[in-house]
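We just call them A, B and C in the order they show up, numbering each chain from 1.
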């Protein structure tokens, strides 16, 4: 078994001194987090701790909500994604997202996977790219005979894998997953977790989860967040998953992990 | 004891109320029946004398005036053509503009902007159609006459299909835009987020995700708008003319089905005469045309609502 | 494995600048569309005001139509409209609200109810002239009422009934279910609950819907033309059994008249009609806002 140290340990994403505001309300306080390339980083913590908000800062999805602003930096391969003049659409091409509730388009399976490729002017073999993405999402065998059928006709677990295939099709560097299995049954959940491990060989995965066993099983790095008295979310502790779960440094981390609160 | 007595009285009142209310609701079915039966019965007199084939497919409509040989003609197609000509021009105006407004309101506009624009559209929708007719005749036609328009060597006449069609388009815009907007707003936000997360621009999200997802609702708005245009009376009566003519030239005068009915209603054809009964025959045809379109439109709206 | 992926990345041609430009262009088109609608409305109102204001005067409201535009007025049409509106209101509200109550509170969810609902939404789309023909055939001819106000009001009631039903249904739907449950919990019958709880709470919404239906009715000329068949009367109706004309018909008559001055009269008539409509709609919106505030307390 590869130890964490033997994995490629470049830092692909560096979040420094990040504050995030909804209007006057501070939702995230002073986040500092380094994300390792080609590893699975889990964000855990109680509800309201800002995990999903942080995730949506990374691909600038919060830009779509009026009245939000950030202070601080997020460096993606050395460049600040919030620098003026940076187009969020560019970021989202390189940093993809899978949502909590599966949201395939009301189009065919093929058109779902091909969507991102088409709008970004893909010039290669579309059939091959679609097949490759569906294989990577462990869905190909189940749907290869009905690519033209509607994506909505699939089961919940299949729909989520379709969304993963869709995100993977444009070959992002980082894939953000916001509680990807929480709306699914236990068997599909395990399938998604296996998929995350597989995908981390090629992509960097950042996953928000409220399921601690999932974080312990599937991630290489874990970051624990919680909600402060001013109701802003802040990062308590981050480290390798093994360390966080067996020997956490902070008392609050230990309390959460052992189930004393949260 | 008192309670049980009141209970019995209460239940009598209750069932009386039930049947009263039910009767009110059933009145709607009676109304539809009434429309069909009354139109049919009055036009039966017409169809006894004029074969339905001649009516539906004849291209000469002059039920009052005799031609050079002393014959009257009862082919309804010129009226139908006139109606459809005006309605098509109206649709050509209202569909693009209405859809564009709907996309703007659903995908781009901030709340404040929506709150300002929607009342304006409601005002447009609430203006009586005689006012639109007045506008078409006294403003639009003179303005159009200033432009040298010529189709097939004909100039723009004072009564013409183009002015009526353009103003009718203005009148229908609110209908198309509000129905389309409802359809687009019903598309769940999660679909838009999925598209943004793949690097789509706002226009791409609107064009490639929202509009296709809302498609049946949008098409319903087109159909219902067109149906409204076909059934409209005062605008075409005032501005489009009283000359039944089978033509596709919008610069010419035509007569719409509804305008013909008004002409006859104000005229002096005696009750029960053949000429008089023509208004019921034309009315029956108009009823079925709009009924077909409305049924299709509502079917699409219902199907769309079931998807979301 | 990553070599494959750099294949994809190199084959992607995002052309973000171009796509953003196209988006900006589309945005301009959208805004222009709104401008067209807005401009149309403004031009229309300006035209009406310019042509009509010189003709609006007190005597315009109180005089009868005449061959001479200077002394012509809308008196007969105004009274005719008032009569028609009043009777339509009396006919429509009880029946329309009754139907709405049935559909929302009593009707089982079966195919028959479905048919009634489909029927109502179809009736809402029937051209108004067809209602005129129905009224003509049924009230004027078969029931031999003649071309009187009652026939006109009955016809108009049928026309606006679907609007009142639909609006009332919405208002009744908006009554919180908890109110009903509280009433039943105290032993009230369905009728008592409807009478004491549901209808009072829904009344402002019903009123708003009714006013909006009335404002639609006041502008309708087509069905009245079919019933009354008169465009020029020089008396005011004094009973529901009189003949009549209404404001939109009077306007229509003047618009169609090519003699000088009558266009101006038509425009003046339009101004009066629009003012009345504006008042009605303002009242409706006022009522709606007032009740929204109340339910937010």
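Some points to look at:
In this section, contacts are C-beta pairs under 8 Å (C-beta built on N, C-alpha and C of every residue); 3 or more make two chains touch, one makes a residue touch a chain.
Keep in mind it's a predicted model, so treat the numbers as computed, not measured.
Traced through touching neighbours, the fewest hops from chain A to chain C number 1.
Each chain gets a centre from the mean of its Cα atoms; the one farthest from the centre of chain C is A.
Ranked by C-beta contact pairs, the top pair of chains is B-C.
Computed from the mean C-alpha positions, the centre of chain A lies at a distance of 50 Å from the centre of chain B. Here the CA centre of chain B is 15 Å from the CA centre of chain C. Of all residues in chain C, those touching 2 or more other chains are 14, 16, 19-20, listed in ascending order. With touch defined as above, residues shared between interfaces to two or more other chains in chain A number as follows: 89-90, 93, 119-120, 170. Counting only residues that touch two or more partner chains, chain B has 199, 201, 204.
Across the complex, chain A is touched by residues 110, 188, 190-191, 193-201, 204, 208-209, 212-213, 307 of chain B. Interface residues of chain A facing chain B in the complex, by the touch rule stated above, are 59, 61, 64, 66, 89-90, 92-93, 96-97, 99, 101, 103-107, 115-116, 119-120, 163, 166-167, 170. On chain A, the positions that touch chain C within their shared complex are 87, 89-90, 93, 117, 119-124, 129, 132, 169-171, 201-202.
The residues of chain C lying in touch with chain B in their complex are 14, 16, 19-20, 22-23, 26-27, 29-31, 33-34, 36-38, 40-41, 43-44, 47-48, 51, 94-99, 101-103, 105-107, 115-116, 118-123, 125-134, 136-138, 141-142, 158, 161-162, 165, 189-192, 194, 215-216, 218-222, 225-226, 229, 231, 248, 251-252, 255-256, 263, 266-267, 270, 273-274, 277, 281. Per the touch definition, chain B reaches chain C in the complex via residues 10-11, 13-14, 17-18, 20-29, 31-32, 34-35, 38-39, 41-42, 96-97, 100-101, 103-104, 108, 117, 120-121, 123-124, 126-135, 137-139, 170, 173-174, 199, 201-204, 224, 227-228, 230-234, 237-238, 258, 261-262, 265-266, 271, 279-280, 283, 286-287, 290-291, 294-295, 297-298.
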